[in-house]
Amino acid sequence: MLEKLKQQVYEANMQLSQLGLVNFTWGNVSGIDREQGLFVIKPSGVPYEQLKPADLVVVDLKENVIEGKLRPSSDTPTHAVLYRQFPGIRGIAHTHSPWAVSFAAAGRPIPILNTTHADTFYGEIPVSRGLTATEINDDYEENTGKVIVDTFNKQHLSPFEMKGILVNQHGPFTWGMDAKEAVYNAKVLEVVAETDYHTMILNPTVKSMSPNLLNKHYLRKHGENAYYGQKN
Amino acid sequence: MLEKLKQQVYEANMQLSQLGLVNFTWGNVSGIDREQGLFVIKPSGVPYEQLKPADLVVVDLKENVIEGKLRPSSDTPTHAVLYRQFPGIRGIAHTHSPWAVSFAAAGRPIPILNTTHADTFYGEIPVSRGLTATEINDDYEENTGKVIVDTFNKQHLSPFEMKGILVNQHGPFTWGMDAKEAVYNAKVLEVVAETDYHTMILNPTVKSMSPNLLNKHYLRKHGENAYYGQKN
Amino acid sequence: MLEKLKQQVYEANMQLSQLGLVNFTWGNVSGIDREQGLFVIKPSGVPYEQLKPADLVVVDLKENVIEGKLRPSSDTPTHAVLYRQFPGIRGIAHTHSPWAVSFAAAGRPIPILNTTHADTFYGEIPVSRGLTATEINDDYEENTGKVIVDTFNKQHLSPFEMKGILVNQHGPFTWGMDAKEAVYNAKVLEVVAETDYHTMILNPTVKSMSPNLLNKHYLRKHGENAYYGQKN
Amino acid sequence: MLEKLKQQVYEANMQLSQLGLVNFTWGNVSGIDREQGLFVIKPSGVPYEQLKPADLVVVDLKENVIEGKLRPSSDTPTHAVLYRQFPGIRGIAHTHSPWAVSFAAAGRPIPILNTTHADTFYGEIPVSRGLTATEINDDYEENTGKVIVDTFNKQHLSPFEMKGILVNQHGPFTWGMDAKEAVYNAKVLEVVAETDYHTMILNPTVKSMSPNLLNKHYLRKHGENAYYGQKN
């Protein structure tokens, strides 16, 4: 079932590795079929060089495994929460990419300092609060998803404009209209974390980009007035 | 038309990717036929692995598309301004390479601290001012070109001696006598930004190179008394 | 003799190179057959591209060469001490990977700041004291092993929970249930050193991870209640 | 003539590129036949992917080209000075590798902080003074060699124990008993510069390694009591 989606999600998982965002089995990507309410996700702990499309696991939004011989990613409940709470998104990626983790462990958001950032993320990329002891001990992965949603609610962020977050002390989750876009956003987030780090050293009092420049770059690539790329 | 130039510009675009200067579709290179007043540029948003020489777009200096089925790069107006205002240059490259972007976002020029820099760039590599809200909102890409030219005028720089600039909060533009040299200069700029960053940390009071050493290195590679490389 | 173990240790040595952890002949991996009390180790100074399984040297726990035409790694006595003093471990890796060496030379442990670290190392990765002049001059490699064991004893660490250490001014030793896991741990240690370095710059007052989060991540991958990966 | 030496020097030049120490045509390696008093060096400005053994140029110690259709490296006089003044060395490498250049441009030596360094370089790697205006304007490359020798004389260094130097604001020169060892030393110098940089940030008051540890590591690889590697 969902063969086409499995192939897409497989390719997105493999790209995570090709883009240098993961080591070993770390990281996972999923994609959802909104009509059926089912998502496809990488199995837990399988090395990328052994992974095959048929290994992917089909899961429903209540986190039941619907098809698959292997256990799904241990982060599956986080993906499920995000699919439930952010109804429009169709793909999610999670990595431990080093620059993103550096910011997450520092508990710092990724400030909006350059146009590479503005081309993809509509503002500062947020960092969640850390989970409480109770949230960690019970349903940790589910609560990771809830803390992400909580951060978006408190900061009045839209998951369509801000397509990623850093979970405190952990790492990035990104999403998009499909699994491929989620991985694309994971790479952009990593690149922007790297450049911002060096910018902040070069200019410790650097200011955020003006809303004008942010709007210009974000909106030339997104929305009805976009003019970057080819017409579809 | 301009098949030979298209091939050259295609190869230069591909080299941008091979040299590790771009991710995804970011970055673009153009080259100009000065006799015909036409330049060839990468289409907007096409991945490098799909790009073919025939995909390149031919544009005139008034920014009209003369040939090509695809939209030209969204940065085409910036290239056009530079070709109009810097009459001798024949190739332009734009990237979002990470070290260059780090300096651009910090609003800092790349100081002249080592001979690698002096071999290619005749002095400190300037950073432009940021664009005003009006410049951003109307004809952003055209105004990006104008701000570059404005910086050169105010700092009394020659585009033949200083073959690149950082646009504030954005990234580098470099140029040269053809598309290939523009890409070469983009790589040198990136390497120099990286080394300078670490030098400035190792020695926060480091001074600029003496004019003597700068002249020696620049002029052994450029101009009538050059003695680096082979005779043509 | 020990052909299967030689093959495993050979592959683990080669992986050291593939994972970018060593240059030239630096680094070495060993694996032990606990029943026979013999371990297999890389020969000294042989380039990885020339290494063959048959080149590996068989050594007993008293450091006598039992089989092999080549000299064993000069670090063989360090491996022997660790196998004698940490009876349960079955593989050891030593590298000069750059981020780990940076911490070792600074005399600083690798703090526990992110979940990538907690997934593999159960707490801060310790750094040994430097060796005394006498320890350096006589039986240096043996004493390197003793200083590692001494550090574990003084800090009440278990080699099953903390599978690596930095030797002061030198570099990392890691271990595991086989040679492959020792190399895996060497890579994780390097990645964590890199991310921690940047985190400590981004947040100079960053605190260690809570025991709750450490336990959650470490124990979801290790021990009887682990639920990461596939059932065996 | 000197076909075997040309092949060796060719391979050493190619390794410079494979080890990630050079971009484009930067860098050059030479090797000498001490009996004939002739050295073989890379031609100036030829890309590594086009270089062939037959392109190498034969030069005598007075810097006359003895054989070769192409111009020798512009740094040939520096090599000649070093071969004349350091009579025992048989190979020289020059690169613009980024970490080494960062230290050279900062005017700082590479301190002796870890055993990777001590395995190859017997102490702190020196940085030369900058050249005077006169030294730059007349016979620059010759004077670069003289300043290297001058630094060794003033600091009472032996070119057999300290096989490299940073030329101020420029970059590293390394040497050895053949071209291959010179390139090996160029790589070690680069790796050590990288690790030292991070160590100095992690521990701004870090002290140099003790003479005991330096002697142990250097002498286990060099000299009559060496026990690293295989017997010849």
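Note that the chains take the letters A, B, C and D in the order they are written out, and that residue 1 is the start of every chain.
The definition used in the following text is that a residue touches a chain if its C-beta (ideal position, glycine included) is under 8 Å from a C-beta of that chain, and two chains touch if they have at least 3 such contacts.
What you see is a predicted model; the values in this text were computed from it and never measured.
Undergrad: Copies chain A, chain B: same or different interface, half of numbers shared as the threshold?
TA: different
Undergrad: On Cα atoms, by how many degrees is chain C rotated relative to chain D, nearest 5?
TA: 90
Undergrad: Once you find the CA centre of chain A and the CA centre of chain B, what distance in Å lies between them?
TA: The computed centroid separation for chain A versus chain B comes out at 33 Å.
Undergrad: Take the average of all CA coordinates in chain B, do the same for chain C, and state the distance between these two points in whole angstrom.
TA: Using C-alpha averages as centres, the distance is 46 Å.
Undergrad: Show the residues in chain D shared as contacts by 2 or more other chains, in ascending order.
TA: Residues 201.
Undergrad: Which of line, ring, star, complete and other names the graph you get from chains that touch?
TA: Per interface graph, the chains form a ring.
Undergrad: For this entry, which pairs of chains touch?
TA: A-B, A-C, B-D, C-D
Undergrad: Going by the contact rule at the top, pick out the chain D residues touching chain C in the complex.
TA: It comes out as residues 113-116, 184, 187-188, 191, 194-196, 198-199, 201-203, 206, 209-210, 212-213, 216, 220, 227-231.
Undergrad: Within their complex, state which residues of chain C touch chain D.
TA: Residues in contact with chain D: 23-26, 43-46, 70-71, 74, 96, 98-99, 101-108, 130-131, 133, 136-137, 140, 169-171, 197, 200-201.
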